[in-house]
Amino acid sequence: MIIVLRPEASEEQINHLVEKVKKLGLTPHISKGTERTIIGVIGPEDVLRVTPLEVFPGVERVIPVLAPYRLVSREFQRKDSVVEVGKGVRIGDKKVVVMAGPCAVENIDTLYEIAKEAKKAGAVVLRGGAFKPRTSPYAFQGLGEEGLKHLAQVGKDLGLVTISEIMDPRDVELVAAHVDILQIGARNMQNFNLLKEVGLTKKPVVLKRGLSSTIKELLMSAEYILAGGNFNVILCERGIRTFEEFTRNTLDVSAIPSVKMLSHLPIIADPSHAAGKWGLVPPLAKAAVAAGADGLIIEVHSHPEDALSDGAQSLLPSNFSNLMQELRILVKAIGREI
Amino acid sequence: MIIVLRPEASEEQINHLVEKVKKLGLTPHISKGTERTIIGVIGPEDVLRVTPLEVFPGVERVIPVLAPYRLVSREFQRKDSVVEVGKGVRIGDKKVVVMAGPCAVENIDTLYEIAKEAKKAGAVVLRGGAFKPRTSPYAFQGLGEEGLKHLAQVGKDLGLVTISEIMDPRDVELVAAHVDILQIGARNMQNFNLLKEVGLTKKPVVLKRGLSSTIKELLMSAEYILAGGNFNVILCERGIRTFEEFTRNTLDVSAIPSVKMLSHLPIIADPSHAAGKWGLVPPLAKAAVAAGADGLIIEVHSHPEDALSDGAQSLLPSNFSNLMQELRILVKAIGREI
Amino acid sequence: MIIVLRPEASEEQINHLVEKVKKLGLTPHISKGTERTIIGVIGPEDVLRVTPLEVFPGVERVIPVLAPYRLVSREFQRKDSVVEVGKGVRIGDKKVVVMAGPCAVENIDTLYEIAKEAKKAGAVVLRGGAFKPRTSPYAFQGLGEEGLKHLAQVGKDLGLVTISEIMDPRDVELVAAHVDILQIGARNMQNFNLLKEVGLTKKPVVLKRGLSSTIKELLMSAEYILAGGNFNVILCERGIRTFEEFTRNTLDVSAIPSVKMLSHLPIIADPSHAAGKWGLVPPLAKAAVAAGADGLIIEVHSHPEDALSDGAQSLLPSNFSNLMQELRILVKAIGREI
Amino acid sequence: MIIVLRPEASEEQINHLVEKVKKLGLTPHISKGTERTIIGVIGPEDVLRVTPLEVFPGVERVIPVLAPYRLVSREFQRKDSVVEVGKGVRIGDKKVVVMAGPCAVENIDTLYEIAKEAKKAGAVVLRGGAFKPRTSPYAFQGLGEEGLKHLAQVGKDLGLVTISEIMDPRDVELVAAHVDILQIGARNMQNFNLLKEVGLTKKPVVLKRGLSSTIKELLMSAEYILAGGNFNVILCERGIRTFEEFTRNTLDVSAIPSVKMLSHLPIIADPSHAAGKWGLVPPLAKAAVAAGADGLIIEVHSHPEDALSDGAQSLLPSNFSNLMQELRILVKAIGREI
């Protein structure tokens, strides 16, 4: 932690700070510059971080030196984490894992139809929302438990790993009983009680980046889950909110290599929610994989005209199949498989 | 709803759309321009909104005409709503209501001290967090139920209305039992299950705008609560996330008159979280009131150096008292009281 | 300047840096923490700022301590600057200066009509664009020199100070010959050659903040003008670009007190461009003044239906007059005049 | 153009609008819905766009149907434009064109050294700034004409096409005399006089997207150049400004396929300015190419420690060479060449 003092800071104010720092068990290091005095503080920053040094008289700015996350950091674990999600599927390994399926589970027949096509094309994880976070209270809110059962059934019959979103800490047990991977959506990335609850299970979790969350905040939310004891976390870049209006969100493709620099956790991308337009999904999927993504989660629907949610960004099975063929060639060129 | 077709849309595609619209019980209205054909759709849009018309072949764009919210809109209720929050305090009326107190309840003595000063200066509502949403799992998470009890005790003793944040749908009953006003924080503005749960009570709710939520989304979240049967909703502008780094957030002062245009609900402002620096709180408080805010929620702490949360943006009681004196003159100039 | 080293930085790398710092005539100060080594660098930072220390092996981060601006800073000049713009009008003093007029000068008769009304209501500066920065090459681009002449004529006849936008370094002499205040628009805030050219004159300059410029960048652009020898700079907050769509831009009202903290330069606000909707102009004007703005620049048009630019955000003379009456009461409440 | 009326709009107000529309030579089409009346306007929108219909009494919203750009649109020209930039290099064709070189030209020897390495690795265009837009007036501003001469000399000797930034309309002739491609930087994307001046030449132009410019605005700025008669425009995505702080800017990789949808112009990417960190340049370069970019512009410096500008984001020649080898394999996988 570095404390930058105001030009007019008095000796008394500096001493007051130095004492405070020492009382916290840390070692202050004073550098007097021509225009400013700086106090470097040696020792674990966690103790300091909760002390509002900015309000001490004479302080201009406080600059943290260490990252606020620990367990998720590269420094905590040098080598890449690989998360096993069931049926031999491993995320963070050489294989790029593709998850596909409808935005929402609507009925079991449509889900079967989509899942079969997705599997044929190469997807190994089946996605499908049973609890849907919808901006409008009047929009379709998902089938709930029934949707989870459909997902579990289809996953079992076709040998696909399953993933579904969880929105409520009260539903953790229910969702965990039916699906292989819990998904925490962008709007719940800082639903801290949900993070804590999910941290108490051992279930793999896909944690999506919030619409306006920094990479650091994404890592801090993951830290909540790891701190609870659950290290099976997969991060997901799904687009951030910017001023651009042509796309639904802006896929922050830089987040993928940035996360790889800062953390050992695997990261996948969701080009469907980022784009908001199915025509942009294939180029964004390819960009994410080229940037190092460990997987993709893609919305596929056999009858997007009848989809109850997000039809506009869903690929038809035929388009998904074409994309998978292109990805198969692309991943080879970067030394991976699909 | 207006459907804009691609220049190359075929007659067949247009007919396919027209049929779909009719099947939904709505009336299509076709205008053939020189460069584009447009279909205006007459009838309630709710039905259309859940149908992904963008994916129909030949469609370029779909433009909604009506706002997606109903109960919160000015069209639903022309005159301003006034929310009674207890002890004769009414929000949305002539009086500008000032809420003050520490970010977090830390212990009963400090709370008493701050509350007395706040009351003396003119605050009528006491704020204090018992459940704290913290970016870091290692930061102080609040006193929980004990904090709520302290708040209730001090509120009762000093005759102050109380407000505290609720983060978890499981805590609604508990928090509602101890405080007068439930607060839903920025990070939970789209925690839809929490909104639904709160909608089932009759408790007044302060709903804070999310960091990257549009005004429309804020109104949609309020709609969740009203749709559940609870009309006692007060909106709160607390700063949005932008590229600017000097302030913690950017207070969107335009949101105040914008909400007044679109909705009958009262709106207050939180200059403390917007600014992130106590020195900016007074000018922002004045700006918000000048723009028409029905109230303010301000962090005050008697010992910001020891505050366990947000000390840097807390006013000292003396500064708060000065601000209240300035506000008292200001509100008179705009025909209101404090 | 503070240099934070990577945990794995070697002694050799540290020495390499220390030598570099010394070669630049500065004094390094090494603090070895438990997890990181930090080098504090004592001496003028300007020299260091141009050296890309981030690329030196072993360096994790470089943190500047001093602000990069000098002449515009509060440290350079403690007391507020007051800029005299002619006809006894002083910006930055007790009087809040109101500038009003059409977005673009369209013809002399309309300009007269608007100017008379604006003056009657209390405006002391007449605005009117002769060179218009338009997103589309097919939109009205302004009357050019003819527009400047109209403006000068009307200003002279009515005893109003005049202001008009300059977009091209080649036009400085021409615009300066006709108007009292040069305006640099948001899109040209970082047109550095234009800033340099304007810095060589002594003409008062209103420098508008760019759509996505930080407060620091605004001050750096002002620094260009002051560094050229022209200290007659007035800053202008006119709204920044955010994700919010209801308003054209987001008026960053916090920028007003923030600039006052960091700089001695006066700052005004442009509520018309910020709002994009005339109905929001009055509340935003009041908010800006309550936050400490030294002036306002407001679009007024007698026939907004026929305006060639920005009609939607122009006030009618009658609305402007009402606003001025409200402002007159408001400014008294904060100890100022109009 | 679609005009949405307020629910309370009177017959008289509707007639007033209808007359206005007819007077402009356009055909109004009225649809009366249950809650709103809508007027569809048939005919060229350019005429309407300059009329501020929002201010007519009774109007709630005006929605344009057609894109405001013409010459740059896919509708104007179906097939992809290919821009010839000299020495047989064509941008927008099968070959992905790589431009490389230092941020700024510092001296001829270093430029030679970097250019030789860049060429050996596969770059065909040499970049180097002679006029540098710098946030600070005290930072290195470029060598000016001398820098252009160095660039021309090295380009000629090594058979490389050259590109350099132009910031001032007064410099068009000078820069055009020395280099093959004019570059308009992000900060000048809406320097309309510069766009017009460049539109009068036939020189190829790389137009960079502004920090906070939408894709539509980028296309509108290109329209200025085409409208002047110069169709040799290459767009460039270089990162937009968002709230994310880990990267200098956020590379909006979606802009690449979005531009391809909307326009026939080629688009390249600048991963160096987007990332701000050299370690992120390779993954972003690959992502951009995978998303369909027609080229890349990359900062390379042989001695980044001594670079006078942007050293932190420059690749060493060896890293650039490695990247080029990876790109060579990648582009083959997507059916292109390098």
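Order as written gives the chain letters A, B, C and D; numbering starts at 1 within each chain.
Basically, contacts are C-beta pairs under 8 Å (C-beta built on N, C-alpha and C of every residue); 3 or more make two chains touch, one makes a residue touch a chain.
Everything numeric in this text was worked out from a predicted model, so none of it was measured.
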Query raised in the report: Where the centre means the average of the CA atoms, what chain is farthest from chain A?
Result: C
Requested in this report: Please work out the Cα centroid separation of chain A and chain C, and write it as a whole number of Å.
Outcome: 38
Query - Gap in Å, rounded to a whole number, between the CA centres of chain C and chain B - result: 31
Query raised in the report: Can you give the whole-Å distance between the Cα centres of chain C and chain D?
Result: 26
Query raised in the report: Taking each residue of chain B in turn, which ones touch at least two of the other chains?
Result: 212, 241-243, 245
Query raised in the report: Considering only which chains touch which, how would you classify the arrangement: line, ring, star, complete or other?
Result: complete
Report task. Could you pull out which chain B residues touch chain A in their complex? Result -> 20, 46, 49-52, 54-56, 68-69, 133-140, 167-170, 187-188, 190-193, 196, 210-212, 217, 220, 223-224, 227-228, 241, 277-278, 304-305, 307-308, 310-312, 314
Query - chain C-facing residues of chain B, complex - result: 212, 214-216, 240, 242-247, 250-258, 261-262, 274-275, 279-280, 283-284, 286-292, 326, 329-330, 332-334
Query raised in the report: Which of the residues in chain A end up touching chain C in this complex?
Result: 2, 4, 7, 29, 31-36, 38, 40, 42-44, 63, 65-66, 75, 241-243, 245
